[in-house]
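What follows is a pair of complexes built around chain A, which joins chain B in one and chain C in the other.
Here is the complex of A and B:
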């Protein structure tokens, strides 16, 4: 069955290279075919694979000199996240490039990010994880810089410096594990088996380095300052994929680290504290943003804080909630950025004060925006709701009522998003769109809306898979 | 027996044909003869390496020297091809390059200190003329001349201390049997300091940026890609074979040199506006990384250094090929590189790959060098050295990132086409860097086997089990 994993990696990679080499029109077709194929394969395995912990695995020798095999596994966590990646990737390739500018480069980068994300989520060896992690960093850098607009130069350099700081910490932790794990193997199973017997200082150091690396990537306060610039100056496709997919590199890394290294309950309490601070901080800063994209960026950061709450609970409920949260957040935030990108395309520069009346002038995009805000908040019927319930159930079990404090941040975010929606509802605005969203754009909305409601109404389809 | 004679005969033929170009003055024949003889020498070394051939008579052919024989043959071919691109007096250059090549082979296979010094002189003297011939002013050549004269004097002084124990001055002379004396230690330190000039280690490297910038880039490629690496080979012979008994005393010196060199190179590179000078400092910092393996002084660590020497040779020669091409059009500063991607996407992408490899991002050749070096340091008990190395590779992303921003900015620069020789070297180096990065196993294994020769054959006390 390794053909499934190989094709999940080869199709996006080949699609990326082809779509860069071909002419623009062919490029779009090839990229779309690659994205659809990946989506079909992942969704097919999720629906018909019977959802065991492992649908497919692939292992082969790679670099015996340093004991690194190629090892991937699809199933459980990796299946859920691959599903998110393939949905977001499909929508981004289909709808994310409103202006059809630099089509070849945009498709190349989008599929490369999909490739790196699939590789990273399916990897069961820290070394392989790291390789895909850095591919994702390089690709996102170009997504922000080469395709972005506005102050993209500063945003891209900031992103690169923060990301490489995270990579460096990850590398340091990886090397320490490589030397101190008795079998000199970076397989997750070996790390997990050795985690109890590492020297105390190395254990603390590795957990701290990994924790900070993943905090930077998610991002979590105080390492978030690259985020708002990056999200707001990347292209629509870029901000969809960076906020939807790349931020999950950090969240997934955090989840994996907690599951493998089994940190002490003190670490978990610190993590909860940091998660709470981060969520509240993001809520307060987001409240004051006039630029809608920046507001969406801080909303996303608050959500990631909530996901960290689930992880820090170190319970199976919390883990399942965090995982479902990553899935839900990936879909809802990319829907939000898709709608905002479409608005920017239609009306030029957008800020919260200008959007009055879009529901009349641009009904489809306007209502999608409203629904995506609800989905981001995790209202019932959307996937985020299931995630939040699981996360806070897990958190109260581990931390008691203290685990509910971060819920306050979510309520704050809800409050200001509600104010925002109230501002765009009136129909007496004088907005006149200069452009209209394409059919592809509308299909993109449809796909993401379908996913968020399907996963919200029928959560058991996937929840069975994540008996952690 | 036959292999040593073949190598010797080919080296004589190489020098003879090189010098004969001064008579016929045909650039094409000169290039062809250089390339053919170097290719034959490389093939002979490759055969010797693959069959595990070992001989120690007039010259020494081992896993170590034949691996470097292969590397230097290939890189010397690249250097010759690069010089062919823009020179109207290539016949003179070719004669000098063939002498340099013979000198490189003498150092690589030297069995006694006399031939080591001779080889180093055979490299240094023609290099002075190469720098002088290919640059507008005499200043860089004079600087290089003075520095290498001082280095040779210091080296001769350093090994004079050995005369009392072994008048034959054989490199295989086991100094383990000689008493550890203050005078010998002084000699060892002097020899290391002398080699540090060419190996560009702080504080002996202050001449490097001026000479690298002043010389034409094909010569800079020779200096950074070959001369410097030969100095490391000589350093390996001197410290791990000749003065093996003094390793516990030399290792701290290497540690200090390594840390200072890394910081010096990286911090100075941060503030450079001239791309060539930036790469000169970057190559200094890479010398600091290479020295981490020397400071570790284990078989694994030296293997890592050997790997890094191989990876860096190709990366830096490829980079200077592109720099040469732009330099010929008067483009030298970071700003001059702006919008390179718009007119020369292949060159821009290649330079980006080289920089990402230098910064140590996977899956490129440079990443594995850093992983091996840092993990070697950690397993050798030098955790702090590994952390300093990681910190430095983090610093380096800033200046590489800045140049990448410039390369991918918008604009319409005027560029003339790239000559075929430069395209050849650039693409060949790109293929090597990417191929090693995607499948590093053969190179890591070769480097390990070379380093095990260095440790095994002379039974030095400093070897310790490598992880993995």
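Here is the complex of A and C:
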């Protein structure tokens, strides 16, 4: 195993264990150091790695009997997503948990999720992908179950049931692939090589199973019922990581599946249709949410619908757009949840009618909210713009004018986000905020804002070297 | 890959510096003076570019899948004009602001937002590709949104800001769609490359036209601009009369050859005429001192579009320039008048306006410029536009619009004047010099420019083609003045009902916007209810599965007698089934 990949996996894992064993203050320091180290390594390889398709790869035997090696690769897609994970992970660890008794658990879970995400995005074998997938599910379950608030236990169980359904489908697809791929290997390269020669029924079945599994995880309509509860009852850190990172498990899986299995154009049309429905549906439902965390959850779902539009176009433009969209969405949605979490902390409430005078009493959070809303909507010079333009170019190229229809969902999302800001910004004369946001929160805003603008202004750092 | 800085964006840099300074020293009263100084530096740089050569620069940003995203920067004639216009207006507005914005806690965000706005406006002015243009375009929307909602304690300001951004965001999305289509069709986003390439691009051109209409407040997206007057007066003067709202018109002017080729000129012409008629009729009955001017701005923008639609780019450009120098002072002076009169905005309740001679002279000259009275401000442009209207219907509608605009602007001037004696119940507040100097200076510039243009036009092309249109325009301008005098001056002042329903068509727009919003809300609540039902359904499914699991639990109750019974039944079945074979 080479140094870079193994340290990207070992540092979060060791940090997680250490921060669980140590006392609160030390635990926070250790977790932060681990997150910063990971961020520095990933950002460093993005800037100075020279960006070949593969910066580093590692392989070792694992279960020779069924031909499963441990194999990872960093570069291209996995580098972009690892960058997203390390940025969001850093901001989430920094945001921390203001309940002192939960600091150690929170740090443990946050770093474990970072570990699982890095492993999953760097894996080049479906078996390894599956292992990290399930680690991520378990960690997220505990994030909601143990650290959440409100109706969190029910939400966590619901999340778990949905996730187990997705995992079973994934497992079934994996077994089918193992049996029918001639070399009996689950390496991405073997799957890709065999994708044309699979028996028709198996091909369709595997694609359907994977598609539904990833739909559940993203989530995409109609398998989204776990999402709003889970996002709104998790802690701030939890909703940042689950919405920012865990949802990408599904989106990345979808992207990988489309790239490896090369489904027919009929499947692509269905995917576009589902993606469009999901985006519009989420936008409409989001319009009616007064609980601002639920509103953000549906906003996230609408955006993932648009990412699926890019994937369904099956063109390199659309794939690049979807990939950049995952990066942009991870950052902007965790920024949104960070700001909303700060508002919840300051105002003690999360109902849009109770939050008033944000610009007077919580100006930094207010402006961060405005920028994150615009970043969500694809303001140029933020990463979201690059994603949007590439996604819709890809979709229009493949599907013609129909590919532009999902832009309508973006209009709806914009409309209700502006109403939301309109509702919370003016003051009604009463002082409602009882707390100030912590310095860590402000640094988190700064880091995420910096990331979204840096990636929007300097997209060539990542994009010029990626061939999809 | 490195990003070299093109010369065309040099004027932006001082403003970005000023914005950064304003954000760092948020409560200092000095940031206003610093921004003013930086705007002068930026003006000097813009003037240097204006006198310099025309350049076209293209910088590769990133490329993917065979598409190279290029940032283009042009300093062609139109680009130079807009760049200089923005940088000339800005110092006046900044100077005015140092007198107008006096609350310490407002300083930082006001100047930061203004400087970011001016930077994006200048970037827009020198953009040479759709990509550069779109970056600036969206930042115009964002800063306009923030500045309209500047007064955070006013619910109305927040509402106005939201209405404007919703409309403008519609345009942004339309523009994004157009850019996607153009890029796929032509493989480039460079203005010139696209304009020279063959091929019909009607769909993206219509989308761009829609986007331009949202930005320039044209029918049917016209009503956000009057609402935008909730922002501070210098914001209204800078963004919502002289620069930002012109972005849409400017884009149409730049792309005019494509619209001509696609045969869309008549669409532009007639949307312009409809909007202008709607705007002047509202302006005739509106009572809010700044909203009247907002309707007037809509009319100005429509006139520019009408000129483009008639193929008279020269007239459009002249109006584009001169309009800024009479409309911005009018809005700045409105802010001053409101400040003098306890922030009273109803022209029928304002008394103190003639108390300040400088202010009065400025608004008088600016009003004369707005009405097409020879030889002031808009007379030459309106005459030129009339001269290219070959259609009799269009020509007479143009005269009607000119007559109405002369009437409403003198109504705007006379109504407060006539009330000055008996209704001067407000306490008079003295004005700072910094609030008086910009308006009067700008009006004088406007006079100088229009005299120069008239002289220039007559000496190069002679009076022949514009003699009759000029006569007509001048005559209707004077008629409007007379009508306003008879109807609104002194004792006649309230002769026209101010909410005459035919003229006051704003309500119809409110109702239709509201109905659209309501329709979407109905859909949204249906979706929400469905979502709730879906959630409940899935919970019920879960419960049913749990209930299913209870069936074996019923049998395995832990009661030995039940087990014995089950054992006996099972044994009996076995014996009955297989007993024979044993």
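Assume the second predicted complex is superposed on the first by the 457 of 468 C-alpha atoms of A that agree within 3 Å, B and C clash if a C-alpha of one lies under 4 Å from a C-alpha of the other, contacts with A are read in each partner's own complex, and residues count from 1 in each chain.
Heads up, the rule we're going with is that contacts are C-beta pairs under 8 Å (C-beta built on N, C-alpha and C of every residue); 3 or more make two chains touch, one makes a residue touch a chain.
Since the structure is predicted, the reported quantities are computational estimates derived from the model, not experimental observations.
Shared-chain residue A:64: touches chain B; no touch with chain C.
With both structures placed on the common chain, the touch criterion links A:426 to chain C but leaves chain B unconnected.
Of the two partner chains placed by the overlay, chain B and chain C both lie in contact with A:161. In the superposed pair of complexes, A:315 makes contact with chain C only, with no contact to chain B. By the document's definition of touching, of the two partners only chain B reaches A:175; chain C does not.
When the shared chain is aligned, chain B comes close enough to touch A:137, but chain C does not.
By the touch criterion defined above, A:439 reaches neither chain B nor chain C. More residues of chain A are in touch with C than with the other of chain B and chain C.
Put simply, chain A uses residues 161 to touch chain B in one complex and chain C in the other. Every residue of chain A that touches chain C in the complex is listed here, in rising order: 161, 222, 225, 281, 284-285, 287-289, 315-317, 320, 357, 359-360, 370, 374, 377-381, 385, 388-390, 392-393, 396-397, 401, 404, 407-408, 410-412, 414-415, 418-419, 421-422, 425-427, 429, 459-460, 463-464, 466, 468. If you check the complex, the residues on chain C that touch chain A are 1, 61-65, 67, 134-135, 138-139, 142, 146, 149, 152-155, 157-159, 161-162, 165-166, 169-170, 173, 176-177, 179-181, 183-184, 203, 520-521, 523-528, 531, 534-535, 538, 542. Interface residues of chain B facing chain A in the complex, by the touch rule stated above, are 341, 356, 359-363, 367-368, 370-372, 374-375, 378-379, 383, 386-387, 390-391, 393-394, 397-398, 401-402, 404-405, 408-409, 439-441, 444-445, 448, 467-468. By the touch criterion stated above, chain A contacts chain B in their complex at residues 62-67, 130-131, 134-135, 137-138, 141-142, 145-146, 153, 156-157, 160-161, 164-165, 167-168, 171-172, 175-176, 178-179, 184.
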